[in-house]
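What follows is a set of structures for review.
Below are two complexes that have chain A in common, paired first with chain B and then with chain C.
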Partner chain A sequence: MSGKLLIKNNATITKKSVATHDVSLTSALPWIGPALILIALVVIWPVVELVRISFTDITIAGSLLDFHGFTNYRELLANPDLYPVARRTLLWVFGIVFSTVILSLPLAQLINQDFPGRKYVRWALIFPWAASVVMTSMIWTWILDAYSGEFNLTLTQIGLITEPVDWVNNPGNSFYVLMAVAVFVSIPFTTYVLLAGLQSIPNDIIEAAAVDGAGHWQIYRQIKFPLLRNSLLIATIINLINVFNSFPIIWIMTRGGPGYETDTTTTFAYKLAFIESNMGQSTALGVFNFIVILLIVSLYLKVTKATRTEL
Partner chain B sequence: MKRPTKRRIAALASLGLVAAALAAAPAQANVTIKVVTPNYTDAMPAYYEDLNARFMAANPTIKVVHENLSWDDILVKGRTFISTKSYPDVLNLNTFSEFAAEGLLYKTSDLFTEAKLSDFVTAFRDNSKYNGVEYAVPDLASARMFFINKALFYGAGNTKIPKTWADVTAAAKKIKAKYGSKVYPLAIPLGSEEAQAEFQIWAGGNGGRYFDEKNKKWVINSKENLETLNQLRAWVKAGYTQPNPASTNRTDAFKLFSQGRVAMINASVFFPSTLKDYKSKVDYGVAPFPSANASKKPITLGVQDYFMAFKKEGNKDAVSKYLNFLFEGKNYAGFLKAAGGFIPATKSASTEVDSSLLPFIEQLPNAIFYPGTLGAWGPVVAKITTQIGTGITKNPKTVLDSLQKAAESAGTN
Partner chain C sequence: MKNTKSKTISVKKVATMTGAYFIAWFFLYPYINMFLTSVRSHEELYAHPTTHLPQAWQWRNYLDVWDNAPIANFLKSSLIISISATILALVVSLPAAYFLARYRFKFRGAFLLLVLATQMFSPTALIIGIFREVDFFSLLDSYLALIILNAGFNLAFSIWLLAGFFSSIPIEIEEAALIDGCTRIQALRRVTIPIALPGVVTAIIFTFVAAWNEFTIALTIISSINKKPLPVGLTQFIGQYDIAWEYLFTATIIAIIPVVVLFIVIERYLVSGLTAGSVK
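Our next item is the complex of A and B:
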């Protein structure tokens, strides 16, 4: 209980100190100004340009012809390749985030326990997160290579397969392999957020429950898991954003191919612009992607606000 | 798009003038030109380093900034340069017409004398025209032939190199019966690296094309092309090819051949030097490419790449000098050597080629070319390259129809 009290005290202290300084916008401007300019330049301006271009007829050489109304949007919606890609994006986002969370929950539990060598296990877990995603994707491409990959070699040596399997390129499982790599990359961050959540649960509640005769599973289900809710929500939403925007894994391992068979809306937008020289449809799709991200971010803001008031 | 760029250049130019006046420098202002080239082989950077150093020594007022990119990168980055308006001054690429259509390129008559231009092989010059005007010069060309691994091919009891698709099927059957899954009788790389070429050379042997030059219309979903795709599917289905042709890049297929795991493959004129680079011990034979049946003429696919120069204020003299320097006898010979075994684009260089090139040059009269002079070709070929391979697993007619539709909406100019 003391943990909670402490947080409460802190909150009141912060509130008081803010109230005593009467900060007006003009006096704050010199301090927040540079940040505001930066945001305007690197966030707001590109978004404005994106929306503007999506309403124009544009050639690959960047010649803006004229105002085009919703033509780019109509063409995009009439593009038969969009719909399989959009469905696949849903599978990509929800499949990866769900699997990541399911795998991270027990992992967080594990590295929260005290055991010899825990430090090294924690380090190892950070690795896929610390390494560049491009590097990770390349390494997996080579591990899973049909002819000279370590994975097939091992499976052949222990006798599980007799002929090499082309994991990355077989049409049936290609996309799932990409998803598995994405889960591999997402687990460290998720696990650490959950670990932080677990560590913030005060020990005395758990001890009290144990004294009252609760078993391990009961403690987990009725005490730890409910208290993890906030960390879980935040990890989920940040993962939603990351996974939706994820580009390097797909691009490096399959280039979204063959055809558009492993594209998500993110790689599809890139392909439209820089492979097929179709800037118009690409910017229209970019606007759609932006709206999706905006929705997830507003969800995030709402959730974090809710969790803060709860504390 | 032109206005701000021009203004900026004008501003820079006037700054330059002021600086020149202040420094009382020679009358001619300094020019920097950016040269972007693909990495035909790993010998390219060293070649350009030497060439550029000698060029700058001879032309002290011109500075050359050089960027050498892998093919994969230059295809994407080349287009990104263009769409972000950071044009290079000199570009070496496999298409030029989309840039010519945008009015970004110098006419070659502005850069070369007619005497110099007449040295380029006429057929290649004709492929460098947009709307009847030459906007690029050929840098080199390739033709393709049918390569076989002699040990595997004859070892399986075959006696004659296939002339028709039926011969290919018969030979593949024997090879598969003899070696089982250890060897792929035929490699068909339809991955995103070069699928457009792989498909065109098979289709060409059936009279199939992407574009009908005579009637000026796209013919991607023609009967001939559909028959070709169905034949390729049949070979894949029978297990005569490497798995997942739609995801196999040409480089992957070449590597399999070099390891002695493929018996028959379509490959380009530079393939012998690639095999040498891979330290391959495969003893190979070269033959004209098989056609659909005895009534169809065998063809080869001729492919040429281009040098082009982008119009920028004040760079005309420099890019002209640079390109003329590159095409001087000794320098161009060095270029061909560094690029590794391609067919020369000039008549003067054609007289002294390596004997291994001769069978390919012999094939040139039967060569068909891409419709590379169309402004729409760039985006259309990009789409063909990424999509045509899906015809192996998906409905081939649907795939060809959707490519046809995309090409038609890109236009025929």
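Our next item is the complex of A and C:
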């Protein structure tokens, strides 16, 4: 039926009338109102609540006493555990995002080539993206298990180690293992964004350069990479946010332990609130975390502004 | 001359393929290991030295797991939460996306910013505020709270993606339907939405998978064992002294395979929704 409609009125379609209409805010509300309510409930309310508690004296049972000024913030800053955790968070965020981007660039280039089975290689890359991070963390915990894991088994067989190494629970290397798992789950999304960027580069530009005698590396360095800049920036910023917020990997594999040795500010804030019942300090840290995210988000908005207005 | 050239090309192609297949194996490897672990016996898992492949393939783990852990309950919770959240997100995002694509109104830019910001704020950062709010509404340990929160945090993806699809459909097609005597809603239902169907399917699948995998809110809000969704329920295996890895991984295989298939279905649209407002 709709097909008929299309053919019958084909003649009336003109380019000019594609323009959208201007309407008042009140007529917009029935359409966007439900979305506004949902956003208010899941984002705005929790933000307001978080900030409010951070300035209040809160009991362990959760009842608010009175306005407290910056006491929670002062107590948090006086907490000696905060500083190693904050330093580790910097390593976590920059180490993971940097490694992810560096590894995803050649990977995107590779799966952009035409070769038999390319489709299945891309599908393989979907696995860590679609699978729950909780479950991926569980399987890495098992693979890296000191006595029963396949990683140590292989290392022993090829003669690299003689004694089992406890990768996940050994304080010396545990944090780097967590970071490696985080890189593993971040690569697929990043690679797909870069691949989309590569595919948007018109073929004739590259052909023209090749005709002019540019080599592969020259084409990549001087044509593809600059055109990829926007995708790269977007992928980096989204990764910064995701990695900063990352919770399940650390929670499943080490719980941030031993002590706070593998905590980031995100897991530390969770621990303070729900394990140590220290709501005051936890909300103060939560507000800090929120401000960090806000800064990254505003960077994202600035970067994407030009294309956003087109919609 | 010509011959050597085609030879170098094929050498290059073989190198590309070798590299690509190795990388495919690397990203699949943990899930292959997960599967191989899921068909081993408990004794074999703790045998020392261990082996790469199962010595005896114990397929009945896939039947026994249902009796040895409350998997059916976890699965039921996951399905209720994910399906309801998907429906709610779709019902809310469809009209908003359509209106954004078709009309200009005051504060439209502000609304777009707000939507984009919700995509960026993960529930983890706001978890204390979320916990207190859910408590305020006396909805702790309820599906309803998880449904609303999952729908809300994934709204942005749907709105951005669908608005993109709608704005690519010429308005004349709808106007033609109106002239032919359709009401506005009929025109939407019979003309616009069918054309935007790939977008709608992508939005549905993405929301479903995101809700299916959500961990932090469910961990914080749900306390009864029989209401826990899969990712939270399965972590209880870990706390035990003698972890039943074989059952844990039969359960994770059951949980992972459907969502990977769903993601493969929407592969080509995934990036446009996630990098909202940036890459076209």
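Operating definition for what follows: the second predicted complex is superposed on the first by the 285 of 311 C-alpha atoms of A that agree within 3 Å, B and C clash if a C-alpha of one lies under 4 Å from a C-alpha of the other, contacts with A are read in each partner's own complex, and residues count from 1 in each chain.
In this text, a contact is a pair of C-beta atoms (placed from the backbone, for glycine too) under 8 Å apart; a residue touches a chain by one contact, two chains touch by 3 or more.
A quick note: this is a predicted structure, and the numbers were derived from the prediction, not measured.
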{"item": "Chain B versus chain C as contact partner of A:Pro258, first or second or both or neither", "value": "first"}
{"item": "Partner chain(s) touched by A:Asp212 [first = chain B, second = chain C, both, neither]", "value": "neither"}
{"item": "Contacts of A:Ala130 with chain B and chain C, given as first, second, both or neither", "value": "second"}
{"item": "Which of chain B and chain C A:Arg122 touches, first, second, both or neither", "value": "second"}
{"item": "First (chain B), second (chain C), both or neither touched by A:Asn289", "value": "second"}
{"item": "Which partner, chain B or chain C, touches more chain A residues", "value": "C"}
{"item": "Chain B versus chain C as contact partner of A:Pro80, first or second or both or neither", "value": "first"}
{"item": "Partner chain(s) touched by A:Asp66 [first = chain B, second = chain C, both, neither]", "value": "neither"}
{"item": "Contacts of A:Asn169 with chain B and chain C, given as first, second, both or neither", "value": "first"}
{"item": "First, second, both or neither for A:Ala146, with chain B first and chain C second", "value": "first"}
{"item": "Shared chain A contacts, counted only where both chain B and chain C touch the same residue", "value": "62, 147, 273-274, 279"}
{"item": "Chain A partner contacts - residues on chain C that touch it in the complex", "value": "13, 16-17, 19-21, 23-25, 27-28, 30-31, 33-34, 37, 45-46, 48-52, 88, 91-93, 95-96, 98-109, 111-118, 120-133, 135, 148-149, 151-153, 155, 159, 163-164, 167, 170-173, 175-177, 179-180, 190-191, 194, 209, 212-213, 215-216, 219-220, 230-232, 234-235, 238, 245, 248-249, 252, 255-256, 259-260, 262-264, 267, 270-272, 274-275, 277-280"}
{"item": "Contacting residues of chain A [partner chain C, same complex]", "value": "1-2, 5-6, 8-9, 12-14, 17-18, 20-25, 27-28, 30-32, 34-36, 38-39, 41-43, 45-50, 53, 62, 107, 110-111, 113, 115-118, 120-136, 138-143, 147-150, 153-154, 156, 184, 187-189, 192-193, 195-197, 200, 230-231, 234-235, 238, 241-242, 245-248, 251-252, 266, 269-270, 273-274, 279, 282-283, 286, 289-290, 293, 296-297, 300-301, 303-304, 307-311"}
{"item": "Chain B - residues contacting chain A, complex", "value": "1-2, 76, 79-80, 82-85, 98-99, 102, 104, 181, 190-192, 243-244, 246-248, 256, 378-379, 382-383, 386-387, 389-390, 393-394, 399, 402"}
{"item": "Contact set on chain A toward chain B in their complex", "value": "59-64, 80-81, 146-147, 163, 166, 168-171, 174, 254-255, 257-261, 271, 273-279"}
